[in-house]
Every structure is written in C-alpha cells, then in structure tokens.
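The structures considered in this document are given below.
In the two complexes below, subunit A is the common chain; its partner is subunit B in one and subunit C in the other.
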Partner chain A sequence: MERKNLKFNGSFLNNNRAYLFLIIVLFAGIFRNNFFTAFNINSVTGNGSLVMWLGLGFTICLIAGHMDLTVQYVSTLAALMCLGLHSRQGLPWLVCILIATCMGVLVGLINGFLVTKLKIHSFIATLGMQFVLRGVMYMYSPEEQSIGRDYSANEALNGSLIPGLPFSLYFLITTLVIVIVMVFMRNTRTGRNIYMVGGNLETAWLAGVKSNQVTTIAFVLSSASCALGGALNGIYSGAANISMGEKGIAPLMIALTATIIGGTDIAGGHGSVLNTYISLVAVAFLRALFKKTEMQVLVIAIILIACICYETIAQYRKSKVLGTRPNLHLEYLKEIGRG
Partner chain B sequence: MSEQINNNPNPAKVDSRKTEINRGIILFNKLGIWVIVVALVILGVIIAMANGSSFFGASNVQSILEAVALQGMVCSGLIYVVYAGNMNDMSIPLTMAMAGMMTVQSINLGFPIALAIGVLSGVCIGLINGFMIGKLKANPIIWTWGFNLLLSGIIRVVWGGKQLYADSVAADTEYAQNAANSFYAISRTYIGGVISLMAIVMLVMFVISWFIHSKTSFGQKLKLVGTSYEAARFSGINCTRVVTMSYVLCSTAAAVGGIFYAALRKTASYENGTGYDFACLTCVLLGGTLLGGGQGSVVGTLGGVLAYGILNNILSWVGLGTYTKYAVQGVVFLAIVWINTYSERKLGKG
Partner chain C sequence: MKRKSLAILLSVVMVVAGCLAGCGSSGNETAPAQTEEESKPADSDGGTESEAEAPAESTGGSNLEESLALFDEAVASVMTTDGHPMLAPGVTFEVPAAEGTAEELEALDDSESAKWHYYEHLDWDESQDAQFPASPADGSKGKHVIMIVHGAHAWTTCFSEAFEQACEAVGMTCDIYDPNWDQSTQDGYIDQAINEQPDAIGVIPVSADHAAQQFKKITDAGIPAFCVNTTVNAEAMNYVMAFTGPNDWYQMRTLADSLGEAMNGEGGVAYITHNVGGSPYYARCYGPLTELAEKYPNIKTLDIQSPGFEAAAVKQVVADWITKFGDDLNAIVLADDSDQAIGTVEAIKAAGRDDILVVAAGISKQGAELVESGDLYMMSYQSCQGDAGLAVRTMAEYFNGVDISRVSYIGTDVISKDNVADFTPCQW
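After this line comes the complex of A and B, so read on.
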C-alpha cells in the first residue's frame, strides 16, 4: 500500500476529525475530578458499548448507500429475547446469544429482501420493519415491559480480562468485533463490493458485482451485529426493557451522529467503521463530562450540526466551481499541491 | 421495440414480455388509497356489527376524527416536502414542541398574539430548513434530523427540561388567565356537539393545501421541481424558492399541529410530537405520494390520513392493545407501499 506523505492542514484535520474530537474530549476531562479513574473509564466505555454496535450497523448500511432505521429496535429485541430465553426457557447463555443473533440475521434478510427484490426505498422499508419490530417487542414482553433481572453472567462481562486494564470484557469484545469488521470491509472482496455498490449501484452492477446480494449482505451484517451487541448488552446490564439505552437521546440518533462525525459519506461509498467507533468512544466520554442530560444533547447536536454544515458548505462551494470550467477544481488542487 | 424484434436474425427468439398494462393496476393507480379507505370502512362496519355496535355512531366517528386530526394537520403541510422530492421533514416533532413552548411562554401577551408567535416560530424553522436544503443543498434527511436534535437541545437547555403549563405561566391578571383558558379550550370545542374544532381545522387546512397545490403557480412549479429538479431549473424556475417555500409550508402546518397538541395535553414540553415524523410520513405515503417526489395529491393524502385512523379504530375494535397495533400497522404499511411501488414500476413511473 502506498503511503501518502502526511501534511498537517485543514483537509487532514477534517479527515481525522473523529480522533480530534476524542482528543478534545479527553483533554477536557483533565479539568474534571475523578474523570480518569479506572472505575469511571470502565463504566463509561461499558455503558457506551451498545451504541457502538448500533453505529457499526448503521455505518455499514450507509456505506452501502442505504439507511437502516431498525438498528435500535433489533438490538432491544435481541436483549429481550436473550434474557427471556434464559429466564423463561432456562437455556444456557451461549445458545441464547446465538438465537438472538439468528433473529438479527433474519431481520437483515427481510430488510434486504424488501429493498432489493420489492424495490422499496430503504428508508421506508426499514421504517415499516421498525414498526413491526416494536410490535413484536411489546408482544414478547407484555405488561411489565421488562424481562426479569438476571445478574448471573453479569460478572463475567463486567470483569476485566487483564487485571489493571480499566476496560470491561464487553467493551473489549466490542472493540475486537469492530476491528474484525473493519478488516473485512477493507481487505475482502465482499467488503470492497459493499463500498462499490454504495458508490454507484449501476456501475457496480455493470462491473459484474451481484449488487442485490451485496446489499443484502450489508443489511444482514448490520442487523446481526446489532442483535449480537444488544444481547451482550442485556447480559452486561443484567436487565432489558423496551427503552434500552435511551438516556435522553434515542440510541439511533447517537449512531447517526457518530456516523456523520466519523466522516461517512451520506450518499454512500465512502467511510470507515473505525472512525465511527472512535467518535462513539468520544461521545461516551463526552456524556460523562456533563452531568445534565440537557447539556449533553445540546453539545452533541452542535457538533453534529457543525459537521453537516461544514460538509454542505464545502459541497456547495465545490459545485460553484465545478460548473464553470471542467477541470478548474483539479487545477486548483494541483496549484496548492494536493493534486 | 417492435423494430428490434423484426431485425432479429433468429426468428425463433421472439420477445415474449408483456407490453400491455394490467387494467387493475391502472385502476388502483388512479383511485389509490380511497379503495383501501372504502374497504376498511366496510371491514369496520362488519366488525362493529359483530360487536353489536354501530361503526357510524356519533361517538365512533368523533373518536376517529379526533385521533387523526393532529396527524392530518401536519400531513397537509408535509405533502409539499415529500412532493418536492426531499423525502421527509424529520424536524417535525421538535417543530411541534417548539410551537407549543413558544405559545405557552407568550400566553401573557394575549391569546391571538401567542398563537401568532407559535406559528411564527414554525415559519422561522421552515426558513432555516429551506435555506440549508434549498440553497446549500444539504442532505434533507440528515439535516432535518440533526436540526431536530439541535432544537431538542436548545429547548431542553433554555427551559431546563421542564414542562410548561399555560395556567401557571400566565400572570394573575384576568386577561392572561382568560388567554390560558381559551388556549386550553381550542382542543376541546365541539361544533354542534359532535365534530371537534380540531377536525374542522384539519379539513380547512386540507382545503387550503389543495388550493395551493393545484390552483396556484407555486403548486405548478412544485410539480415540475418534484418531477425533475434539473429540468425545472433549466426552464427558468427558481428552484431554491420553491423548495424553501415547501419547507415553510410544512413547518407552519406542523406548528399549528403542535399548538393544538399542547392544548390537548395541557402541557408543553420537548417530548410533544414524538413519533409524528414517521407517523405522518406513513400517512402521506399511504396517500400515494411517491418518495422520490413528483407524484401524489392532497386528496390522496387526506385518504391516507383517514385510512390510518380507520385502521387504528378497527384494530381497537378487534381488541389489540396500543403496542400490538404497531406490528399490524407495520405489515399493512409495507404491503401498501409495496403495491404502490409495484404499480408505479409497472406503469413505468417509479
């Protein structure tokens, strides 16, 4: 792989703004008491892990050029199923997690079928599925709206793998899976095809990519990872209810925010799972920085809006330049030495 | 197509694909949602008869109309955004909440002025959305969703996450208390003792919406912009203004809905209007409006709103709970959208 020589300029900062965001948040943490204690880091990363799974799923789908609105509900349903199967049917934890993940795969297949075969717009198809999943969720846990508390496997996920390392096992599993998915997206044929389909569906199809299959794989990956994350989160927190992970903002919204901050192209075909992950870690620490939920919402919203505005204005200025002389944009880039 | 077949060197290979269009699809495409409304009404009559009660009883009609009134108000504006090809205005929930908050906060100035301020806040939100999407061409979904979060943050920080009550915000003067009382009354007035004021307002808004959509030059321009943005731009239409206008209309309608919502709930908080973005999009799509823009009608949207309300009503007749309804609604929604997409594709429009 060829290495471009790094230049510390605006473009570099913009491409790595997730890391910048994390550094700023960690720097701000110095001024707070008890921020860098092992307990705080452990709980912050552990509690923020659910959204990391959602961000993973959302990013994969957005790279493939589709929106997956079901991520939040798939994870909640998986958590309910996992705990429910353990407490009602008495199955071992691994089987519970497996069944919940299979449910995620099924939802992903249905999403893929709706989008590729029935040709419903992904936004609408997943919106409908979201209603269906919500209904199934309420059917599965009627009345009490939460499945019985079960802390038997809680210790295992909460505990640290290596003594002295302030990360819970749950967070480490999350990180591991995200690294695996990142390698998959970058270095395998299917992963590259997902990028290709997201970039231009027609061209990918003409180039011989089975675009329907690849789109379905993206949906299945997204839903399966969300289901796995949800099931693990249910075990981690020992309880699951309908509004799991909802602390002031819907988890879906945070996943979207982090995906945008991580630099994933809204139109698809460009982006990185790792950047989303980094910005989700930053968001998790940001939420620990502010006591009040109101301030958290405002700060996260301002960062999101700033990112959207920056990209929109950059796109607008580029479109102003592009129409006038065909290669003026490239000429300009060559002139400043970035050709 | 026929020339290609004639020039085919191998006469055994004849294009056997059907070229004529199924008549049922054409009929469905023309009538659209009203077929489903009639079918649902018939179904409702049967189920109500089985339960030993009347579907067209005053109380049932009243409950259907009241249930859909708020959604109908929002939908009468949302259709413009969908029609212009911008998919959905995700900032509807917080536009509604913001309008409610502003109205309640300024209730001391008198009832008409408070109403005007509430609607004006909606217009401002619409202008910002329109500027970003019409002028700077931001992604409509992402921008309005992000703006929704920003508004939520602003409302929560400014009012400290509290709920506002009109009678406690109002000063102790008689004037302010009267204003608060008339604010509460707008959602509880029944004209002729049967039809609520909300339903009347919804119908009036639909009539205005229909007039703007089909009788004004803005409506005609909107049709062209929705069908093909580039073609509209090259034929000299100010697309920026049309898109901005569509967002202003949408946010204004949402603000009116939000004021009625706040009056109905007796409180104004940032949670007002949660879920209205998706519910209203459901209604608009049920009404036959294409997500890509350029097709749909206000009359169809009214049908979509009614179908949504009647479906909910029937599901409660059957005895499903509020939450179990979600699953049925989702399946029905997917099925109807699929039929819609399929018929459009067969007609070569989708």
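After this line comes the complex of A and C, so read on.
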C-alpha cells in the first residue's frame, strides 16, 4: 500500500489554514486572563453557534456553485416563528422547531426553483428572497420588535449535556449536525453530485447527474439547516427580533468570510463544511479576544483579504501553468504529493 | 516557491493578528489584579484590628477613607461641559399605586395617565428580587467596572467619555463595550464581561424586552448589575441592583405644564413622536398629552404622527397640519430637538405662522440654537454627561458601602430663551 508523503510546505499550510487559524487564535488566548475558563468556552462557542449554521448553509450552496444570501434572514424568521408559535399559540417547542424548519425547506425549494427553472442567477434570486423574508418578518411581528421572553427551554440549551464539559447543548447539537452533513457530502451519491455540479456543470450532465435536482437539494439543505439553527438560537437566547444581525458585524458576512477562510472555492466544486466550521470556531474565539467591535471587524477583514489574495494569485498561477503545458500541473501535483 | 512564500505570508499575517489579540487584550486584565496589589500595602498601614481580621478590615478602612475623599472631591469638582456637577445626586420619585392590573389599565383611554402607569413607573414586585451581592464596603478606589452601551451615536460618545472621566475621578477603572445596536452582540458582551469578573457591570439594554435575561445572567454570576439610561420591565428590575437615568415622563410632563400655561389653557396641540414602540415614544408623546388633558381640559389633541427623524419628512407633516387645522393648531410637541425641530421650524416659517409654539425634548446643539433664536419655545434638559455621572456615582456609593436607591433619576429643567445660556455649550 502506497503511503502518502506528508510534506510541511506552503501547500500543506494553505490546505489546513482553518486549523492554523484556530491554533493561532487559541495560542493568543494564552496571553489573556480567564480565556480558557469553562464559562468563556461555553459562552463563546454557544454565542458563535448561529453563524456556524449559516456557514454550513452557505458552504453547501457555494460548493454547488451558487450563493445563498437568504441564510441570515431564514434563521431570523425561524427564530421569530419558533418563539412566536410557542408564546402566542402555545405549541410545544419540538413542534415549533419542526414548523420553523419546514419553513426553511420551503424557502430552499423556492430558491431552487428560481435558480434552476427560471434560470435567475442565484445572487439575484436569493437577494430578492431576502426582501421577501424581511417583509414576512414585519408582517409576522408588526409592532413588537422582539418576540420571546420565554426561558423555559433556554436553560436546557445553555446547559451542558455532560457535567464538566465546557460546551452548551446548543453547540453540541450544532457540531453533531455539521458532522452528519459532512458525512453526507463525502459519502453519499447526492453529496458527491453537489461537488460535481459545482465543479463542472457540463461534466455532471455528461455523467447523467440531474443538475437541477441536485442544485435544489443544495438550496433546501442550506435553508433547512439555517432555519433549524435559527430556531434553536431563538430558544438559546430566549428572544428574537427582526433586526437581528443587521447592525454590528452581520452574521452573513462572518459566514461568508469563514467559508472562504475554510478553503471553499468561490467558483464551486471544492470545499468542506468541516473547514468552515473550524474557521467559525476560530472566529468565535477571535471575537472574544478583542473587546472592541471595530478591532474584531478589522482583524477578520485582514485575514479575509489575505486569504482572497492567496486564492487569486494561486488561481492565476494554476491557469498559467495549465495554459502553457496541460500536463505540467498534474506532474506538479504528483511532485508535491497531491497527485 | 512563490506559492510557499504566499502561504508563509498568510501564516505571518495570522500570527501577527493573533499576537495583537493576545497583547491588546491582556493589558486591561491587570486592573483587578492591581487592585489587590494596591490594597496589600494598605494592610500593613492599617492594622489595629485583630490579626485574623486585620487584612480585610484594615485594607477596606484605608481604601475606603481614600475613596470617600476622592468621591467628595469628584462630586464638587467634576463638571459637565455646560457647567453643571457631573456627579450630582439622583432624584427619586414616589411610585403611586396602580389603579388596576396591566390588562385593566390597557383598556383605558390614551389621555388618562393611569393607563400608562407601567410604562411610566418602574413598578416591580420586590418580593421577587434576586439575591444581590452585598456591598464590599471597602471603597471605590481600584475597582474595575465594565459598561456595555447600546450602540454608536453622538450621544453614546459623549456618555462614554463622561463615564470614563467620572470613573477616573472616583478612582475606578472601566472598560466600555459597544455592541453597535445589535442584540446578539450585546448578549455576547454580557458573557464576555461576566468572564472578566469585574467589580460591577453597567448595561444600557438594546432591547428592554430582552433585558431580564441579561441582568439575570450577571446577577446569577454574583456581579452587581446596574441598568443605565433605558428603563426596563418589572421582570428585569428583579435582577437590577440599581437603575439610573432620565425620568423622561416627568421631564415631558414638566415641559407640558409650561406649555399649557403659555397657551392660557386653550388651543390645539399636535405631536411628533419618537420611534414607535420604544420607551421615549410613550414618554414623549403620552407624557405631555395626559398632563395637558388632566390640567388643561380645554387644550385639544389634534393629531399624532411618527414621521421619523428626517427634517424633510417632518416638514411635510407639519405643513399638512397647518393646511388641515389652520388657526386651531397652536402648539407642536416634538420628541427630538434636532432634525425634527429643524423640519418643524422650516414648515412654520414657510407658512408664516409665528404664533405656533414648538416645544421639544432636548438638549442638542441644534435645539439650543433654535431656542436662542426663539424658533423653539422651550425644551427639556436631559444631561447626557449627568446620566453617566449618576451611574458612576451610584456604583461608587455601592462600593463605599453607602445605601443606594434602587431607582434614581438625573435632575431636569425647562430650557427657554431666558435661561438657555446656562445650558451651553451643549454636551453633544
């Protein structure tokens, strides 16, 4: 059996930059008092869980070669619905979560229909859906800016499943779902088809992949996961309001940044939900390192720009090599142990 | 080779960012530790108590004396930019008994002040109060507090600077976190602040509805929680050590009294409100409305509109009123003395109606200029720096072992052309 050579070179660093990012942030935490306390780890990972769901949805769509700009609004509407159905209609929490998730599935189906059947660019289609969702939110909560103040299930999601484990139940559920999606994407035919459709639509068609169906599945997975995450976040924080994330650092922007830092190709076909998740854990700890919002924004922006610059230059060099000697790139990959 | 260099460059950027994070955040952490160190020499200085109790007792004694001296000096010397004491004592009001349950009062007419009881008064069930941490009574000097404001605004900048100044004056250190009006970011800052284990945490809640959970977290962590500026509901008050801020209702009622007198108890009034749903919306509209309805029954309410804070939109509303109501429109009450006042004055001037009296909640630079020019008849005085000063004063009193009032308000005044000079230069 041939063993793969593990080389600690530029390529290795680049492929694992999400992990590198996390290690550096955790290393920086050593210099800060009370950083590695159970309370801090619990609150940082718990408060950062919402964007992990958004990152999950965004990454799936980006792998399929599309952008889903509705992720943040789906999660906010799901949070409002979940808390609203519980406080106004008195429905049990599980039913509320289920209904909110079904709303996410519906939004995903509509997004998929707009992109695959009406052939609208996903950026435009999901941007339009953003406004539709905002309109629905204002209709659902016309006068009250905030829904909730019901903390009956809040303590359960804030608490730890195993005594002594410094993670909230909310974060553990988030992690579990991400692992399930990761396995789905890697080990199922549909998951691999999402990669294929995102990588090269023509090849996928020649291989007999129903690209429209696969694209719609990607949108449904994205919206459903964001809705589930939003509903859980509503219960976790005990309240939801229409303007969640509209001020401060927008969760959508953090999800997008982490997806890129995690190495997902903006053009589609390449990426990993696990890497996005690791990036988002790192971003959550990074935000806890800096007290000032402006510093958080600045550092995240610098890292994002560095990653994009790297991607752009690497893409240019790859194209250059492929253009002059097609097989040279394969030889090069073999040489560095990635062939 | 270039690829490798780029990857290394990327790593270097991340390392530098990480180290910056570590270094940048470590500095402030030393504050509580320094407090302990500062108090240690005081142990040896003090010391007439028994050996077992000596360290704590003598430290508290020495530090307390210094803190009390600092406090007195700060109260006497620290002034707002308009020349008023920044750490002036708070004002308390007696809460009248509610004339029914919240549901019963909701059914009353908007012009009855009883309807707004639970909006106006911080009326909560004290028997439901959480167990608050006892005052250390060892002095404010060396204490570290964290203030979590609501969001970026000229008012907030003024408040933050005054808060830092007042803290320094009483020997405290502070960190101020700004969540930029985002609820979830403020929640994150609450957790972060608890993790820092400061001596007290002050919060201006982004959402009054969600404040109960925030204050519960802080109080459950054994840290005294202070609510500043924005009133919260009864449930949240059970977890608030003390509230300090303006009494918007009282200020607007006082302003309405002066307006009613100027109108000789007759005429028509129209109202332009604050953002719908927030506490200033109710206080700045229904405060004067109910006051005029009770004391001056011949003054009629003509209309209530919420055009926002754009001068052009307000100008349009006022122009419509002048056309619609004609001579019946005698006064306008505004929730804001800057853009709303500018739009109103422009519409009045365009219509040549100098007889319309305009009053507003203040005080901004634009408002003061309009009062000086006579375009704005009167406005209320709500000191931003005084707000910060009262919060710091209350925290310092708590650390000094002084009994603090659960609710205390900043003082107020009615500003007219005659006394506007006493309130300038404006604070923000």
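The rule is short, and it goes like this: the second predicted complex is superposed on the first by the 311 of 339 C-alpha atoms of A that agree within 3 Å, B and C clash if a C-alpha of one lies under 4 Å from a C-alpha of the other, contacts with A are read in each partner's own complex, and residues count from 1 in each chain.
Convention: a contact is a pair of C-beta atoms (placed from the backbone, for glycine too) under 8 Å apart; a residue touches a chain by one contact, two chains touch by 3 or more.
Small disclaimer: the values here were computed from a predicted structure and weren't measured.
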Winner by number of subunit A residues touched, once subunit B and subunit C are compared: C
A:313 touches, of subunit B and subunit C: first, second, both or neither? both
Partner chain in contact with A:179 - subunit B first, subunit C second, else both or neither: neither
Touched partner set for A:206, first subunit B, second subunit C, both or neither: neither
Partner chain(s) touched by A:322 [first = subunit B, second = subunit C, both, neither]: neither
Touched partner set for A:114, first subunit B, second subunit C, both or neither: first
Which of subunit B and subunit C A:28 touches, first, second, both or neither: second
Partner chain in contact with A:286 - subunit B first, subunit C second, else both or neither: second
Partner chain in contact with A:302 - subunit B first, subunit C second, else both or neither: both
Contacts of A:239 with subunit B and subunit C, given as first, second, both or neither: second
Residues of subunit A contacting subunit B in one complex and subunit C in the other: 249, 292-293, 295, 299, 302, 309, 313
Residues on subunit A engaged by subunit C in the complex (per definition of touch): 9-11, 13-14, 17, 20-21, 24-25, 27-34, 37, 39-40, 43-44, 47, 50, 143-146, 148-149, 151, 154, 237-239, 241, 243-249, 286-293, 295, 299, 302-303, 306-307, 309-310, 313-314, 317
Parts of subunit C lying in touch with subunit A, wherever the complex brings them together: 2-11, 13-15, 17-26, 28-29, 151, 175, 177-185, 187-188, 191-192, 194-197, 207, 209-210, 212-213, 235, 276-277
Residue numbers on subunit A that touch subunit B, as the complex places them: 67, 114, 118-121, 123-125, 127-139, 142, 249, 253, 256-257, 260, 266-267, 292-295, 297-302, 304-305, 308-309, 312-313, 315-316, 319
In the complex with subunit A, residue positions of subunit B that touch it: 87-88, 132, 136-139, 141-143, 145-147, 149-150, 152-154, 156-157, 160-161, 278, 281-282, 285, 291-292, 321, 323-331, 333-334, 337-338, 341-342, 345, 350
